[in-house]
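In what follows, chain A forms one complex with chain B and a second complex with chain C.
For the complex of A and B:
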């Protein structure tokens, strides 16, 4: 049963242009997300990996409509949320939440921890007393004890890991069906990461949550995700079960990415090196977007954009060479 | 007394610790408190009726009249004490008015952006482009002389100060993650503006408030100097300064000196508080 379906989603940002381009009536866009489709099942953790600047964050915001997508559909529980008006959208937000990367700026410094977690409940119509009960319970669940003491504290009195627990509590207190975790552990001290991931996994199991787990850390993706998509320059280049993807990546970019992950003992070396930087998303290369960096690129790669095709069951790749 | 001062110093120490600006803040606060107390307890402090005309004219400062008397035989000290009421009333009314208009419009303008923002910013910038005193004089002349009209004129002039500051801060706070988080939990725009953005603006608003009050005091004095605020014989610093300066060269220096000194001290006190808070804010 699919909870979230993303169909051909595009998010373009207009670029401020010089006067000459303006006179030529040329409009330029950063194509941060350029036609992405995937779906997430109930209770599934869907990973999204890629280097910085590939559009992961924009995609994760667009799926929740925190950034207005340009085109496409996001179907949540059978409803295309991009068609909803403000009030309907506000209501549906109850069941779709986000945990941000940076716990230092995602909490309002002027609100107490208790108020931060209670506010979502109050917005959605719970009275203050009941909300406080729930918040205290939630604080216990995310391991911020003694609950009463943490309730009264301010964000600046907490460590990064504790703040992220607050952010998780704020997201989970509404009992959402779908949660986006945008690099939720990458700014947390390494020693705390495992416990935060465990916490997320526990919530997923308890409430049969679906998650979109955005990360650039392949080790973490392997730990928590069921399926994973690799993103490059606004497009998904490979999508499969996480285990298959890591053991047998088919796209040259995925291979290079997995190769680049530092490990203590490497079983396989895919012998792929991708040179250079990600080109800018205003003028992506014609044909395959990796064609200017790919060691296997041939003529067709420079002309035709490859489609995402299923090469084995549940394993999709967008590459002419596979 | 020692108990009282230690009680007052506690919050100051909490804000400033031993950081720079603590002395300024205390000095400013002491002067402002004295003037405020003077205004509140004027009937008990002033030794004479400030408007009573007597035969004892142009008396220099002495034990009987510590700041002397003016050409109508009114006690200058009593007029100073009572006059503090007018200046505080006009300036605080004006500042509250500018805040009530400037802060919400700045918030809305910065938060929503777009056409509304461009129009509001243009209007505010064009008000801001005029020299404050001249604009206030024009408005006060149009409205006619009275303390309330003076307050409205001053309020109008300082709206852009609040607007620009609040708008700028809102623009930068808007992109903060906790605002996006508020959107994600389904908060309404109104809630985001007033519960998430506004509380984070309060320290800056305090700074702008103190500094613009300091400025408004001088503007108020300017207006009443020109007779655009109170009507005689109501005691008022600016008005007394104007009357007094005519006799300055005749050697009756105390007529202009004391009102002038008070205006300067009060303006300086607010400026000190504002500067100290500003120092504290930016050095964090």
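For the complex of A and C:
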């Protein structure tokens, strides 16, 4: 039962160029997301991990059409939402929501907490009294009690963790089927993260919610996601069940990424390493995009782009060498 | 080499006096890596800044001693202090853009770190090339400006500057917080190399796993105080203070299926810290004495210090 299917999605951003290039009709693009396919089942939490600039945030926004993709399909409940007009899109947005990373900038400081959470309900046509009723209930569900007091407060009176609870309440109040959480716990103090994750997990269980969980923290991905995709320079390089991915990563990039994550539960192998830093997405390397940094790269890697292939059941890797 | 006794730092804000660090004592030996771990507001960065006397306004070092090779640096005048910074103790900050001059080439900035302290220009230039090479910045980038480098490269330049005069202590305040894990690893390795060549490292982080991997000892801070201090393997495998136990239970680990538990409650407002043990309002084991008396940091086993009434 797939709720969301992403097929060969591409999101390119035009780069500003000089007049000479413009006259030559040369066009340059940042290929932020470059041909990505995956699907998310009902009730599944799908993780997206990778370093800054790998395209994970652009991809998550593109799936919701908060950024307009250049090419490809996003099929939600059987409908390709990239073909919908504004009116149809607005209706379907009720079922797809987002929680942003920064609970300081994503809440309007001039609105009361209650108004912030009621806002989406009112936009979608509910009358104010009924909305207030629902908001109070939702405040209870996200643990902001006493509800009536929190309803009247302003964002600056809340801690970071409490603000993120407000953001979750706002996303959940429309009873969506699909939620994107973009680094939803990264800005919260370590000791509070666990409780926010727990809250998301509770919503998932209660409403059979599907989630796209974007994070740079693999330990957090292990905690909440069922399956995870690793992104590098606009492409998925590996996709599998999260536990399999962490215990047995096959792509050299995933191996380096997972090995670099600090851990207290075992002695680390400091040897698995990738050289240098992520290159520019305007002009990615030919062939495999990791070929210029990969310790295992051979001739074919510099020429041909590897496809994402299923090497074990449900474990996909894009690497010529595995 | 460095001994800190009873360090106390307050911030005199318009909304009241914040008792950010109170009665913190520790020492660092030659070629030792010590890490201060804590959440935001625990005072870990303030301790680091105090050791090099760079506590920002409206902060003030209220009391205590900072003995560097036997000399109390809190008694040095500005000129003596300037001589010490960079040459004996240097610092790497979280955001390299705040410590690098955006208008000057990185090579010149490394050179200046040496000529400021009396190294002649020719010699400094030669050494700058070597230093940048050592931190993996290719020679052809020496004329680059900071904005032309990535975040990781900038941090490496900042480390080259900090290491230029081979100081005995480098203080690194969350130097990898803004960086991705693979880049973080390369920065940690660079610090490790500096340590191996004889420099002591005082590292500050909120990430206990990161602390565990490289440090010899860890000091855990909570609400302006050190609550536990000891060898890093010892602290992680045998935590004693209820706060450290709760902290370890609250962080997920990439290679473990353990369930995580948040610590109930919030850290206290340090304008008005709780009486007695500062952790008692959140502590499941707190008894009467914890509300009244402040626990001392006591050596429970050799080299393992804990400040808790319930375990001593």
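In this section, the second predicted complex is superposed on the first by the 317 of 322 C-alpha atoms of A that agree within 3 Å, B and C clash if a C-alpha of one lies under 4 Å from a C-alpha of the other, contacts with A are read in each partner's own complex, and residues count from 1 in each chain.
Criterion: a residue touches a chain if its C-beta (ideal position, glycine included) is under 8 Å from a C-beta of that chain, and two chains touch if they have at least 3 such contacts.
Everything numeric here is computed off the predicted structure, so don't read it as measured data.
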| item | value |
| --- | --- |
| Chain B versus chain C as contact partner of A:64, first or second or both or neither | first |
| Which superposed partner A:198 touches (first chain B, second chain C, both, neither) | second |
| Which of chain B and chain C A:90 touches, first, second, both or neither | first |
| Which superposed partner A:107 touches (first chain B, second chain C, both, neither) | first |
| Partner chain in contact with A:181 - chain B first, chain C second, else both or neither | neither |
| Partner touching more residues of chain A, whether chain B or chain C | C |
| Touching partner for A:123 - first (chain B), second (chain C), both, neither | first |
| Chain B versus chain C as contact partner of A:98, first or second or both or neither | first |
| Residues of chain A that lie at the interface with chain B and also at the interface with chain C | none |
| Touching residues (chain side chain C, partner chain A) in the complex | 39-40, 150, 152-153, 180-185, 189, 206-210, 212-213, 236, 246-248, 250-257, 260-263, 266-267 |
| Chain A-facing residues of chain B, complex | 176-178, 180-188, 191, 195-196, 199-200 |
| Interfacial residue positions of chain A with respect to chain B in the complex | 61, 64, 66, 90-91, 93-94, 97-98, 100, 102, 105-111, 119-120, 123-124, 167, 170, 174 |
| Chain C contact footprint on chain A (complex, rising order) | 51-52, 159, 189-195, 197-198, 216, 218-220, 222-223, 243, 246, 256-258, 260-266, 268, 270, 273-274, 277 |
